[in-house]
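Two complexes, one shared chain (subunit A), two partners (subunit B, subunit C).
Let's look at the complex of A and B:
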């Protein structure tokens, strides 16, 4: 198991990359501009790609190099490009509809991280992994999950909901690189591909929204109730 | 033999997709799709019997055929055939002739993803298959491109994708737990997970199980994760609603049943089943509340799906041979009956031009045959004898009485009665209240729409009067393979 016998250098490199991704999740949570949001997401994906490469190098999983390349190409370049195109076409830049101020959502995000840490700490103690990079990975995975849900809940712009979904999946991806680097390659590749299809479908839907509802704020989607 | 049949089951819808996209003619596409659905059903019919010989795997263990998967395939194939016949009559009325070939390509694709999911042996690939069903069906829900359809499609894909990502997280944690025992790389099949479960830390397993339950529960439409369901079911075209309700929900329920059996193998105590039972009861409660005061006719059917998924959750949650048998029998009956209900709702909606229950009056005079069939279906779906759902619901109730969750049985019985009264009250208004706008004249309903309604009602009646011994034996085998444990 590579988690328990990592060299200090590898361990701190993994931690650095993971923590930097979490910080970028907070940048997304705090930003008011969709473009900043997108850039932070892009940087986060690159960091996760770098993490895959690092795990491949130190953990001796050559197939993870492929995952690293695919992560950077799909999530780091292709997805942001697709989303940027949608943003340009729709001319929505600033996040206009928010039910929670960015400052308040930062506080909520911090609470989510504390909760995630408590859960991860408990699990780490049970599994005799306390203090290892596994606890950190679990913490960050769970907190990115919670932050993603927070973004889905408090932001009403269609694009930011897509980004919220992507943050949810980024969290899982980041965690899985550290916790289960041996997870069959096929699954990781298909999940990456799957994500591309999700975003393509959402892009089509956004265009429908614009054409038929007249806005891309999901707050206007309130006809179907009860 | 079984391998060839499975191959045909996958190949037929694929051929229909390609054919529809190549020819681009609505008429050709509808018959291609219909042919594919007939082929799929005939290929699926012998599968449950063949699967009894024991689970078999193909393609490096990626595909498995065990009895429960064969059963879900059969239910899916039945709904696919009924919905395909109905679609021929119904979709011609929509007035989207030029785009219709795309509808059939998507429709066959939707069937393909649902027929693929149940036989996936790798837990991760199963997740991908379930996610794929969402992607394809989103476009079917939004097919009519009205304001409401787009809204429903958007909510559907966002809520379900977010929910099901929890199932991915849970699956990954399961894999992690296993990797602490088996080493970093292994094949994550259902059988391997079950085998390794007793040796994994129970706290980690419990967390993973709950995540998976909430994740797939979103797709099944268990309350309180059901919020996408009424919108998607009511805004999609009627054949799509039937496929969503009668087939799609089952394929995700299969995942929950399999994870429950893994949790049993790990001896996690009563909590996993108690949570499933609680979700089932809560679904019944939510369904009861929304059915009583419902105004939309298709939303009424959608909440009835929430109700019946609650019953399925209770059946698998109670467990034991009776619980599993009741749940599986209920799955079949519900698939048939709910298709009938959506077909009837579609016919009524088209002939009255509204989804509003308040505006649908004097159904029997306007739609004599379709109306009578729909009414019989309504009596059946609320669990009245002599229809199949009565038997299966009683079996689930009976299964719960022997276990630790007797409170759930009492609440379930009460809520079923409330739903019976509330649901049929709407039908009383629709059938026997005087229409406000003068005399209504009978309307002819297309044969394409009537035939599937007959085909759906007849077996539900037969299954209510006669529970074949062969089916009972089949269900006990499934229960034994799922571990049969439980409360």
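Let's look at the complex of A and C:
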């Protein structure tokens, strides 16, 4: 299915889902409470699952239905559940170590979106894709990646860092669903298991932090111990 | 330019003049009701204005000419803006081509600038606090307002409110496009800021956290009445822009007949009641925040405006 000739309904549905997930990324960026953060991530994963299903329906990729189901189960249910368990064990409700206020990080995120917009616009003009849903998907992919980096940079709580990483990954996944929908199924499954490993190792890290450092902020890991 | 169009333009301005206190009354009454109080009734602002215009004028000794001119400038600015926007008719009336949306925003800003200077003029502590806070909010609100205008311009390829109105009425796909919805939300937050309904303070004049009211504490009598009326009209104008240009562009008079214009005025009030209910619910259900979190809603609004511009890519 060439992305340039979609029906108007399909392209508006894709853009709506993509933009809604970008908004949820901003909800995550602006929230102070870890649980809100997690809920926004969960909703975002569901939206991306819905996007996969929509691409499968309009582009005739039957294997993408499976990817959609896997996305919802893994990213939308399993990962949030595991993270919720970690949050419960940590007894930390909110990010206290942010080096940038939520409102300032929202504005920084908006600037990142503008940057992504300019880059995607240039690319779209070069490739004669201007005005199609591909440019929008590219913008949203780039901006979600930048927002993920921003979260990794400005937050110090271990759990927010992992969520930043997951947002980054969600962004790439979202972009790939629209831009290259025919990706082999095996790669998707490998990525999902990668994420599972990431979250599992985070659980180990949190346990270690609690036992040896006494807090879950990665700021306390600066000192090298021999 | 026919005589009927001139009359319609006069009707637009006088509708704003006459109905602005009613809108304020409806909002205040809703607020009281939702907080389970009785409320003074929706016609209280008219009674207040009547009372103020029959009171004696007390002028502080430190006041300069600014004190006298500010209310007049503010009131005149609010009388000018309705000429430019679709209040009752959906087609341009005489003199409505004086300025585009940006020009209207400039005149609104001029009105609040005059009040701001008046707050600083008499040298009272409250006026200074109110003015500095209003400027702080204004600094953050103006860039967002400009971005919203840029978004509207990209959407309609024009900066005239009438063109935007026609586009939204004519094309339902544009109305439900993400770009437009983001603009609506961004403007809604700006509406809360500009009509003084942020969750960081109370709009009654008995609190330390007041912003708008603190600026005009030194005024009394007819001048205070004029300022109050001007601020109600500002609220009415912003609601008009929000409803007739952005959110609910239907229900305007197309032909300009007398019956149509009357119906348009009724529809306008109906739309305002709808928006006022939402505003009051948002304002009441939100808990009061510390004053220094005032940037957060504005940052969200800025963000939504940026997203609207990004969503415009799809066309």
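Just a few scattered comments:
Basically, the second predicted complex is superposed on the first by the 223 of 226 C-alpha atoms of A that agree within 3 Å, B and C clash if a C-alpha of one lies under 4 Å from a C-alpha of the other, contacts with A are read in each partner's own complex, and residues count from 1 in each chain.
Here is the rule we go by: a residue touches a chain if its C-beta (ideal position, glycine included) is under 8 Å from a C-beta of that chain, and two chains touch if they have at least 3 such contacts.
If you're wondering where the values come from, they're calculated on a predicted model, not measured in any experiment.
Because the two structures share subunit A, they can be overlaid on it, and in that overlay subunit B and subunit C fit beside each other without clashing.
In the overlay built on the shared chain, the residue A:82 is in contact with neither subunit B nor subunit C.
Contacts of A:110 after superposition: subunit C is touched, whereas subunit B is not reached. Once chain A of one complex is fitted onto chain A of the other, the partner contacts of A:198 are limited to subunit B, with no touch recorded for subunit C. Of the two partner chains, subunit C is the only one that A:30 touches; subunit B does not reach it. Of the two partner chains, subunit B is the only one touched by A:165; subunit C is not. Of the two partner chains placed around the shared chain by superposition, subunit C is the only one that A:121 touches, whereas subunit B remains out of contact. Shared-chain residue A:189: touches no atom of subunit B or subunit C.
Vertex at subunit A: the C-alpha centres of subunit B and subunit C lie 140° apart in angle, rounded to steps of 10.
In the superposition on chain A, A:73 makes contact with neither subunit B nor subunit C.
In the superposition on chain A, A:131 makes contact with subunit C only, while subunit B stays out of contact range.
Once the two structures are overlaid, the count of subunit A residues touched is higher for B than for its counterpart among subunit B and subunit C.
Superposition on chain A leaves subunit B and subunit C with their closest Cα atoms 19 Å from each other.
No residue of subunit A touches both subunit B in one complex and subunit C in the other.
Of all the residues in subunit C, the ones that touch subunit A in their complex are 173, 177-178, 293, 295-296, 298-300, 302-303, 306-307, 309-311, 313-315. The touching residues of subunit B, when paired with subunit A in their complex, are 122, 124-125, 128, 131-132, 135, 138-139, 142, 145-148, 150-155, 157-158, 161-162, 165-166, 168-169, 172, 175-176, 179-180, 183-188, 201, 203-204, 207, 230-231, 234-235, 290, 293-296, 299. Of all residues in subunit A, those touching subunit B in their complex are 1-2, 119, 122-123, 126-127, 141, 145, 148-149, 152, 158, 161, 164-165, 168-169, 171-172, 175-176, 179-184, 186-187, 190-191, 194, 197-198, 201-202, 204-205, 208-209, 212-213, 218, 221, 223-224, 226.
Interface residues of subunit A facing subunit C in the complex, by the touch rule stated above, are 8, 11-12, 15-16, 19, 22-23, 26, 30, 101-104, 106-107, 109-110, 113-114, 117, 120-121, 124, 131-133, 135-136, 139-140, 143.
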